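For clarity, chains are labelled A, B, C and D in written order, and residue numbers in each chain start from 1.
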Amino acid sequence: MEQKTLVLGVIGADVHAVGNRILAYAFSQAGFKVVNIGVLSTQEEFIQAAVETGAAAILVSSLYGHGEIDCCGLRKKCGEAGIGDILLYVGGNLVVGKQDFSSVEKDFIEMGYDRVYPPGTMPERPIEDLRKDLGLIGNGAELCT
Amino acid sequence: MKLTAAKMNQEEFARQRQAVLGQWVTGREVDFSEAVAYHKELPESKIFALKLLEAKNNGSTYAQPRAGVALLNEHLELMRYLQAEGEADFLPTTIDSYTRQNRYPEAQIGIDESRRAGRSMLNGFPAVNHGVAACRRIIESVSVPVQIRHGTPDARLLAEITLAGGFTAFEGGGISYNIPYAKDVPLESTLKYWQYVDRLAGLYEEEGIRINREPFGPLTGTLVPPSISHAVTIIECILAVAQGVGNITLGYGQCGNLIQDTAALHTLPILAEEYLARLGLPAVTITTVFHQWMGGFPQDEAKAYGVISWGAVTAALAKATKVIVKTPHEALGIPTKEANAAGIRTTKQILNMLRGQTLPRTAELASEEKVILEETRLILDQVLDLGEGDIAVGTVRAFQAGIIDVPFAPSRFNAGKILPVRDSLGAVRFLDFGNLPFTGDIKDYHRERIARRGREEGREPAFQMVIDDIYAIGKGILVGRPRS
Amino acid sequence: MKLTAAKMNQEEFARQRQAVLGQWVTGREVDFSEAVAYHKELPESKIFALKLLEAKNNGSTYAQPRAGVALLNEHLELMRYLQAEGEADFLPTTIDSYTRQNRYPEAQIGIDESRRAGRSMLNGFPAVNHGVAACRRIIESVSVPVQIRHGTPDARLLAEITLAGGFTAFEGGGISYNIPYAKDVPLESTLKYWQYVDRLAGLYEEEGIRINREPFGPLTGTLVPPSISHAVTIIECILAVAQGVGNITLGYGQCGNLIQDTAALHTLPILAEEYLARLGLPAVTITTVFHQWMGGFPQDEAKAYGVISWGAVTAALAKATKVIVKTPHEALGIPTKEANAAGIRTTKQILNMLRGQTLPRTAELASEEKVILEETRLILDQVLDLGEGDIAVGTVRAFQAGIIDVPFAPSRFNAGKILPVRDSLGAVRFLDFGNLPFTGDIKDYHRERIARRGREEGREPAFQMVIDDIYAIGKGILVGRPRS
Amino acid sequence: MEQKTLVLGVIGADVHAVGNRILAYAFSQAGFKVVNIGVLSTQEEFIQAAVETGAAAILVSSLYGHGEIDCCGLRKKCGEAGIGDILLYVGGNLVVGKQDFSSVEKDFIEMGYDRVYPPGTMPERPIEDLRKDLGLIGNGAELCT
């Protein structure tokens, strides 16, 4: 079974490193190849890492509240870099303040993200979603991990 | 300029100042002697150092929130609200994350977008963009002292503008605002940036203006063992005093075990006085600040009130001079002003009820204090050795060697080899010591306690235990017992 | 029937039973042996005594709310909600005030009016009117043990119906449910009524059914010094055991000073075991319950969370087996189920975070324990003397003589001569000793501490100080310092 | 200056004694003659005490939540007893639950009470109101106390 590569990072001027560290660990444990570009990452750095490693998905974290500004336009730039179809997940505390999640989700889906995760998401959920979205389920892949 | 802990000379300061004030257009508004004159006119009730002293002298613990929004008028309203409805003893002005990274053009976009959206799109107040006059509006709008709180590796311009703007307290330091807040900024650079900030505070001090400085104790806020944060805090205290700072508040972030947290708060001033004296530096006014739990919070507000309260209780029993307050919105987002005020009121109810009550000194407390003192001294002495007596130089080398090592820090100038984990009673211990210069006895102390927990849980202490501990408080517990 | 502490004989019990079951139509539903059979089928997880033992054995503190509404379906919903959303370890069924005064017709009006109004017009669940089958619906709707909580001078019918209804715990006692809850009911009568209740519990016990009994420790909830409530609680414990009760939870209401409250909780089982042994009664299973502050609360919910949390912290550090939880609505009215659940969650967050943490034994704690033990023994020994060895008889005489005296109690069978007041650290002391049989040393201990407070406040300790203390927690403080 | 008499008590099956004790003390300190009938008092007991002592006002407390049931009809019974014009105050936690006070106030005004007090009222307020309502203000009475 081919090992899928994920690019992981925290976008913008955001330094929240703890969740990123745990996600990297959890995705590796789950059998993915993790390219973790860490905190304070620009959109360009995400894309470059994805292109260079032939990644199957980009997972963007934004915790500090500036997510709306920082995440906008990533899908378009992916297209320009020739990876317009790459899977884009985003999660964390995406906006400033305690806001209704369904409207936040809608905004980010409109920005071109495939899946949007609320604050406090445990790694199990994106792992299951990735397996589904990357077609790893049903072919026994989940048994390998 | 070669790195040294010695006082920065006036020429070097002047040279940098010119460059710093040119970094953004509002730098031009700074006029030091006019600022000194402004400070001299401030009523005593607005001077941070004086109110801290009042708390210290009458044995109270005072409460301070974190808060900041993008636009000035909304920020003024927020400040007034937290004073009136939150009964805050001290006010903050928390700076947004673009400003913290010196990205003033992006901060400007945030300001403009916030105007358009009708809500704050920034996670703090962009003080540099707003400038000196706006800062003074804040000081003049409230009746209690206000502090700048942030997380800025290079805070020179921010300090220039906000101190000229009448703020009487400024948080941060060359380590504590780098290692948890940056990825690629060399420690050598931030130590120098912050020597500038401290020198600036020292210049005010020389003019008779008391500026309170506060190293950021909690660092990454996540299972930081006391001796690690103490080592950093004491170094920043020493570096600040060397630049002429006269009033320092030493910080520490709650770990969650009452005895350990009390021991941590008790030992901070002891260590500061000891090392200042050893290095021939003047004795300064030392106070302490306790941060309510800085790691992941429960999303449920009722549970968050429990976490907030436990921090308030510990602050009161351990007699911190000041406590930094969390809010019931912590896990979800920047709090509304109502949620922020609620967190303060919960805290103040407890502080007021516990006024005068203390945790009596017991064998357990004494032994925890002894361990913290010993560990911190082992680290600091090694730092001084590495620096051949110069604590600034030693700090850079110590981080290189992993002699100081902050858990979960994003900086690549941090070794990242240690692993903290809780023991059975929730005290934070070392699962992996990395290169910390600890004795065998100390290591055994930690290992023994962690092993006991392992036995209780029927598992080998390993990274999964650390992860469980990181999630624990958010899930309603302190010790991350295996999920059953 | 002459008053005596001895076990009630079977004929007397049978005679009363007939009358009691005839007091209201639902009395007819009670069939003791059918009820025993019902209890035998209950899963262990629903048996109060067993879950208390579990808490005691693993050193945890379990949380229990107060709650009850007029109509059955709403009450079931409330119970399920507090279990699911409140994470309650134990559930209550709080009885309304008409039922407490045996005014079943008025309770019926309350039920009918509630149906009409679409909201509960009663402050609790009228269990007698609802009857045995309804009680069993409650037990069957939830998975944790449920207790009857009330304040009923004559609770004989209530006990018959609810114990037959499957409840496994029953609060109250002949003193604690008279003196704070009645005006004109002689102590002699309520002692007898409650001997009936205890004998009934004893009969279940003899059939192998464990019924937990819990004297109501807090009494008037307002500045009750520990030795007063301890004396009452120990007497009720003795009286219950004499009737064959085998499982007792001793209660105490928070005063607010951590050391005093911890000392109070520590001394309860010591005293119980001591006096049971002295009187030749069997050793029974003793657990403790701590009531979060029972006096006036702050109206502001954020502040109320602070009060709730401080109670939770004390319960955890003092290792109470169980804690009774207040809610953020306390000052205003019977809580919604949401507010009730919130209070439990705040409490549980703290209990879980503090699991295993204790207040180490110190000189201060030991001396506070010594005072409480000594005072309580002085009272109890005098009670036994007055009763010529019979504690029931002694109790009546002791109240007449003011040897036991409950502050602010409405009963005219209470002397009402003592006055409690807080010292500088918030511990509750005696400003006026009334006729309490204390030694000069003890009186000096209290006077010295109160005098210190007087000096601090520059006023003579007097009734105004007591009033200030009554309002204090509601106003955000513990010690009612003079308004400035 | 003639000393006005107040009848004070807690109505119904209510045993909350602490506030009643403080009110009695505060009204006496303020110069009123206080007839305190205490807790667990019926409407009849209030009226009897008022008639017997020629009281100027009846102050009813209800803390425990059954106020709506217990307080209803007192004005009418006062009329029947020949003291239909007596000043009636009521206060405490009058209804079950945390309810909007203005609607509670309205209900009790409709029941015939002259003044209604929310939870947590301090004695200073009714004392001032009594002085106003009993015409003791402006004639120097407040200076006597």
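Keep in mind that, in the parts below, contacts are C-beta pairs under 8 Å (C-beta built on N, C-alpha and C of every residue); 3 or more make two chains touch, one makes a residue touch a chain.
What you are looking at is a predicted structure, and each value in this text was computed from that prediction instead of being measured.
Enquirer: Identify the chains adjacent to both chain C and chain D in the sense defined at the top.
Expert: none
Enquirer: Quick check on the contact graph: shortest path length from chain A to chain C, in steps?
Expert: Between chain A and chain C, the shortest chain-hopping route counts 2.
Enquirer: Express in whole angstrom the distance between the two chain centres, defined as the mean CA positions of chain A and chain D.
Expert: Going by mean C-alpha positions, chain A sits 66 Å from chain D.
Enquirer: On a C-alpha centroid basis, what's the spacing between chain B and chain D, in Å?
Expert: 55
Enquirer: Taking each chain's centre as its mean C-alpha position, how far apart are chain B and chain C in Å?
Expert: The computed centroid separation for chain B versus chain C comes out at 45 Å.
Enquirer: Round to the nearest whole Å and give the separation of the Cα centres of chain A and chain B.
Expert: 31
Enquirer: Two or more other chains in contact with one residue: find those residues in chain A.
Expert: If we look for residues of chain A contacting two or more partner chains, we find none.
Enquirer: Enumerate the residues of chain C that touch no fewer than two other chains.
Expert: none
Enquirer: Run through the chains and report each pair that touches.
Expert: Touching chain pairs, listed by label, are A-B, B-C, C-D.
Enquirer: Provide the residue numbers of chain D that touch chain C in the complex, in ascending order.
Expert: For chain D paired with chain C, touching residues are 12-15, 17-18, 21-22, 25, 38-40, 64-66, 68-69, 93, 95-99, 119-120, 122.
Enquirer: Tell me, which parts of chain B touch chain C in their complex?
Expert: Its residues touching chain C are 256-259, 298, 300-303, 305-310, 312-313, 317, 341-350, 352-357, 359-365, 424-426, 473, 476-479.
Enquirer: Can you check the complex and tell me which residues of chain B touch chain A?
Expert: 97-98, 100-101, 103, 106, 109-110, 113, 119-123, 151, 180-184, 220, 222, 295-296, 299, 329, 331-336, 339, 408-410, 463, 467, 470-471, 474
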